[in-house]
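Let me give you the structure first, and then I'll get to my questions.
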Amino acid sequence: MMRRKLKVAVFKFASCSGCQLQILNMEDELLTLTDAVEFTYFLEASRATAPGPYDVAFIEGSISTPEQEELVRRVREESRILVAMGACATAGGIQALRNWLRLDDVKRAVYPNPEWVKALEHSKPVAEVVKVDYELRGCPVSKERLLSFIKQVLVGRKPYLRREALCMDCRRKGNVCVMVAKGIPCLGPVVQEGCGAICPTFGRGCYGCFGPSIDARPEALASRLREVGMKDRDVARLFKGFTGWSEKFRKVINELEGGAR
Amino acid sequence: MVEGRLIPKPAVIEDVVDEAPNVRTFYLRMPEGYPEPKPGQFNELYVMGVGEVPISVSDVTQEGLVAHTVRVAGRVTEVLAEASVGDVIGVRGPYGKGWPVEQAVGKDVLIVAGGIGLAPLRPVIRHIERNRAKYGKLTILYGARAPRHLLYKYELEKYASIPNTELLLSVDKAEGPWEGHVGFVTDLIPKADIDPERTIAMICGPEIMMKFTIKRLYEIGLKDNQIYLSLERRMRCGVGLCGHCQMGPYFVCKHGPVFPHWFIKKYFWVEQI
Amino acid sequence: MTGNGRESLEIRVSNLARVEGEGGVYLKVSGGRVEYVEVHIHEAPRFFEAILKGRHYLEVPDITARICGICPLAYVMSSSRAMEKILGIKPHEEVFKLRRIAYLGEWIESHVLHIALLHAPDFLGYDSALRMVEEHGDFIRDSLKLKAWGNRVLEVVGGRPVHPVVFRVGGTYRIIRRDELLPLLKRVEEMKRRARRVLEFVANLPMPEFRQDITYVSLRNDVRYPILEGDVVTSDGERFKEEDFEKHVEVEQAKYSNSLRYRLSGGRPYCVGPLARFNLNHDLLAPEVKDKLAELGIKAPLKNAFQSIIARAAEVYHAVVELDELITSYREPPQPYVEGEVREGEAAAITEAPRGMLYHRYRIDSEGFVRYANIVAPTCQNYVAMEEDIRRLAPNLLTMPREKAQWVVEQAIRNYDPCISCSVHFIRLHIIND
Amino acid sequence: MVSGGIYSGKFGELRKLFNALRLRGYRVIAPKLEDGVIRLKEVTSFDEVPYGWEDIQAPGKYSVREGGKHFRHGPDAPKRILYPPRLELFRLRPDWSVEYPKERFPPTALFAIKPCDLASISVMDRVQGGIGDPYYLALRKKLIIIVENCVEPGATCFCSTMGTGPEARDGFDIAYTRLDDNLVVFRPGSDLGVELLSELNIEPATDEVLRKYYDALKNASLKAKAPFELERLPDELELGLNSPVFKEVAERCFGCAGCNMVCPTCFCFDVIDEPELDGGAVRVRVWDGCFSYTYAEVAGGNFRKDLWARYRHWVLHKFAYWVRQFGVFGCVGCGRCITWCPAGIDLRETIKSVVEWVRSRGGG
């Protein structure tokens, strides 16, 4: 089934590089993988770069400057399959929290010469700028999912990864529900599976790095959390994390914060 | 054995026929020990590493090749549709309860099919053709989106020449020359010459189309126990294990996919059952 | 314009490869004189400063971790330690051990990534490590195994190698069981062997002749190789408390860069990271590491920036040896974490990220929300040093073909394993306004 | 000599029984306190079984305290052992030959499980057993079951309504009941049970003990009731298919499928086909649940795209369809889906409300 080598490119936008690192973290598979995959553009790994077109372009990072907007459009044109990789690319990332603030204030708070700094009004998920074919969620993406994704592309199928609530995976794994047993607020019921439910495994609630699950109902979770005694502002902060700018979470946050933006 | 039942066995594609846009028929040389499927049964077809989909048997040839007419609908069917002669795919089956061809002996048979829904009914037409004396009148009402979406165009008209057979076609939208009906396939029901007393109706198509058909059939006097339909549900195993295909208490894969209407009526009409 | 003659040279690399993040380098020499050296950092700003404001102190480690995916734990640890100082709490000794275990895991993962995948190809003239497999398969395999093991340490202790989830202010979210850690030891001897081989390999790489004249700065605590605690020491003989760090550095901003740059007081360029740590703490390395270095004829201090790869490999070997000890002696603490009384306050902390000292300072209010934050990443501190090195290299560059000169310039930057993602997220020394 | 009948002995006999199982080479799976929760885990010493601890359960809440007399089941059900959440079924080589994963089916003893969990095994026997799941059957064949009857059911238990407890009826090897700190009643339920009990220092129960025993169980039975009755429940629920109750409850539901996962009888699975780099493939079976969005999704749409429809399907499946499919209820009244629902939804209340709705409309 494996045909010619897949031309893969990895592009970085506003991000921490953690998602691309997950590619290099596939130590056990990296050498076999390169039999089937050619990284034609992957600056973190190689000096050698080849121009497009690419079979698959992985986009890491959110789009937050005018140059980035331009570049991602170009990448889109040159790529057969464009994958938004990680929370930044799929939901704007942690840096999207600035989207609730005024850009001018933000710049001034950070830079002595704010006028030197070019930035878009919002830190945007890739899909707000160009068409995205697939999303690989997570902060960072899971390397198992990344590998599975690549393998699926290699056999020529449209990749499929479950997008159900984290709770399913959490409980399959045999974790004890931290909400029920410890009263710890957890976003698991509304967050997409994929990380292996590691936060509950390590005794804490999910903080949402995989973003809303398919058909997530964050409003129901928010009202339950309030019912058990959490303050609105704390519930809002729980959602306002690595995927806070995703449409579904944004809505809940705005409701809780009383319609600010 | 559950694994045993879930293991696809290799089958060789011996012929591929392009039927319509995004629809192809694959004629398979089945693995040894594969039982002869009955009209209305389906197989699970598997593409290595890609996945598995339930597909009805759309013909069994004189040479024993088993045909499956596949419409591209998603992940698996998309890759499957690319397969060509000589390729090996996996099969398991045949599964499910088929059309009531035995109960219909001595009766008129009305076939109402929409789109890809003709595929599972084609074996019924074949069966009646081969056992013509055993059945009364055969009425085939078939509708598709447009003329080019009609399946089996190379033999469709020949159905009309099966003795004592009426064939009426309809399309949602005529493109180019078209002499048949334009509209819903259900519009054909009053046009056909159907004897409600002695007819067994077999329906396959989108659920909404089947519901309209049943209403129309009531209007011309058919009763629930004369109506059969083939249902579609998500299936992950095909053999009543995985739970996905339940409709009410029934597993569509093993209690169906063909059901008498009286049997499932209680659930079939409930919203999002 | 572009010449490879003896008098002038211009190099423009707008996208540096094999560094973490986005940066470029521009050099112009004319008439034998260096006109400018500019290391550009055009990584898009992410405004962490603005984001942190108003967040609860417990959320800070997770948020700042996202500044860098290569060394997230460093951020977790520096911020946690600063918060603990504010709250006046001290995590249990075994928690300290766990932190060290994880941190060493990160060192291994990050160092080996740099050694094998980013840096070594330079010395041997490869575009990427993936192309080295044919001729140097053993080295690549040793490295990948080490890296995988370092990641495994992080997975076991923290759930995943990038952005581990278990550490919090005051300790860990749950007790890490001894029986979870012990299986790591199954491969520890193998890892020591591989680490030795990697060290040997890099010690034998062809090294460009080069001598820095620069101040080295790192933590030092006189007990163990510095990671999580100590005073700041410099090769110029200074020693001061982490709290006083800002008093000893000067900060500047260049127009061409999104990153701030630091000098030691008096305008001295300085260098942090493996080379600095090695030069200032080599006496604290594990005995078998010292033996191996002696055998290889490597003596501290190392003043050739290109030799940073050796310091890195020595630290990897040390990390494996120390992990063996730490895991063997680990006992489960009675509580996973200690919780302090939330109170208003301000404090600073430094830990040794793989790339060098990472400084965090915070002020929180009486409810535990952040009012002020300042972070100084290692790469900002090495920034001036990088340009300095290139300046010093310029005469040699003029004797090389342009291609080669460009490569050496890039390599001079890669010597620092610059983490550009980190560097751009500095935080200005001023109060975030309400 | 022990034969059928009811025996009594001291608490210490339980330890002997436990040790006897270990000596015979069984892997003993028993309740075990871990991080504040009673799990079902392999246990190597009798002292790990949390006698002297009690769990406190309520919709969406769970905790334990020391000093209580009786523990109930925690989140883990026998399903986890007999029907694992993730199972690699086989690998296909590129030439279509089949490779099975190496599996071990150690002889296993379930010790001190609760009557509802025993009942869940008999439900699974009809479902997985009936289907012939070989993994299930291989473990099941060698399974020994020691049940602890419930003298103090928890606040989310409703086994007596479901007819599955608080006393185990059949299907066990030994059932025991702790009447007080040092008085335990034993009942063998199989030849093996008789054999194991013969090794203990126990005596036929006196009339006084028997009275105490029956009283205790009767008392317990009164506590473990749900606010509905089974008699016409399947029909009533089917009449309630259009009840607004499902929509109301679903407003609070997250659709996380946690209930599916903790339920000891939920059996749905998803099949994951993964390609391998060498051209072969692997097939994995993982627990799925009817609350998940994709559960009824097909290429052309979703048969239960709204959460209320999924919620309704689950309730109906447990309490109506299951009876028609397998001749038993799909619920054993363990209350796990109530305790372990992060939204704190109480299944019993839902059923009660649907039945009331049906009756108020003259149905049923």
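Letters A, B, C and D mark the chains as written, and numbering starts fresh at 1 in each.
Criterion: a residue touches a chain if its C-beta (ideal position, glycine included) is under 8 Å from a C-beta of that chain, and two chains touch if they have at least 3 such contacts.
Small disclaimer: the values here were computed from a predicted structure and weren't measured.
Where touching is counted per the definition, the chains common to subunit C and subunit D are A.
Averaging the CA coordinates per chain and comparing them to the mean over all protein CA atoms picks out A as nearest.
The pair of chains sharing the greatest count of C-beta contacts is A-C.
Between subunit B and subunit D the centroid-to-centroid distance comes to 41 Å (mean Cα coordinates, whole Å).
Between the Cα centres of subunit A and subunit B there is a gap of 42 Å. In terms of their C-alpha centroids, the spacing between subunit B and subunit C amounts to 65 Å. One inter-chain figure worth recording: subunit A and subunit C are separated by 25 Å, centre to centre, where each centre is the mean of the chain's CA atoms. Multi-chain contact residues of subunit A (touching two or more other chains) are listed as 1, 151, 155, 157, 203.
Multi-chain contact residues of subunit D (touching two or more other chains): 35, 270, 274-276, 279, 288, 294.
Contact of a single residue of subunit B with at least two other chains is seen at positions 48-51, 74.
Contact between chains, per the stated criterion, is found for A-B, A-C, A-D, B-D. Interface of subunit C with subunit A (complex): residues 15-22, 43-51, 53, 55-56, 59, 62-63, 66-70, 72, 113, 117-118, 121, 127-131, 133, 140, 144-145, 147-148, 151, 158-163, 165-166, 168, 172-174, 253, 255, 258, 336, 410, 419, 421, 427-428, 432-433.
Put simply, subunit D touches subunit B in their complex at residues 89-90, 92, 94, 96, 98, 100, 131-135, 238, 241-242, 267-271, 273-276, 279-281, 283, 288, 290, 294-300, 303-306, 309, 313, 316-317, 320-322, 324-325.
Chain contact summary for the complex, subunit B toward subunit A: residues 47-51, 74-76, 78-79, 82.
Chain contact summary for the complex, subunit A toward subunit C: residues 12-22, 24-25, 27-28, 30-31, 34, 39, 43-49, 61, 64-65, 68, 93-95, 97-98, 101, 105-107, 109-113, 116-117, 119, 123, 139-140, 142, 195-196, 198-199, 201-204, 207, 209, 237, 241-242. Residues 1-4, 6-10, 46, 48-52, 73-74, 77, 88, 90, 206, 232-234, 236-237, 240-244, 246-249, 251, 266, 270-273 of subunit B are the ones touching subunit D in the complex.
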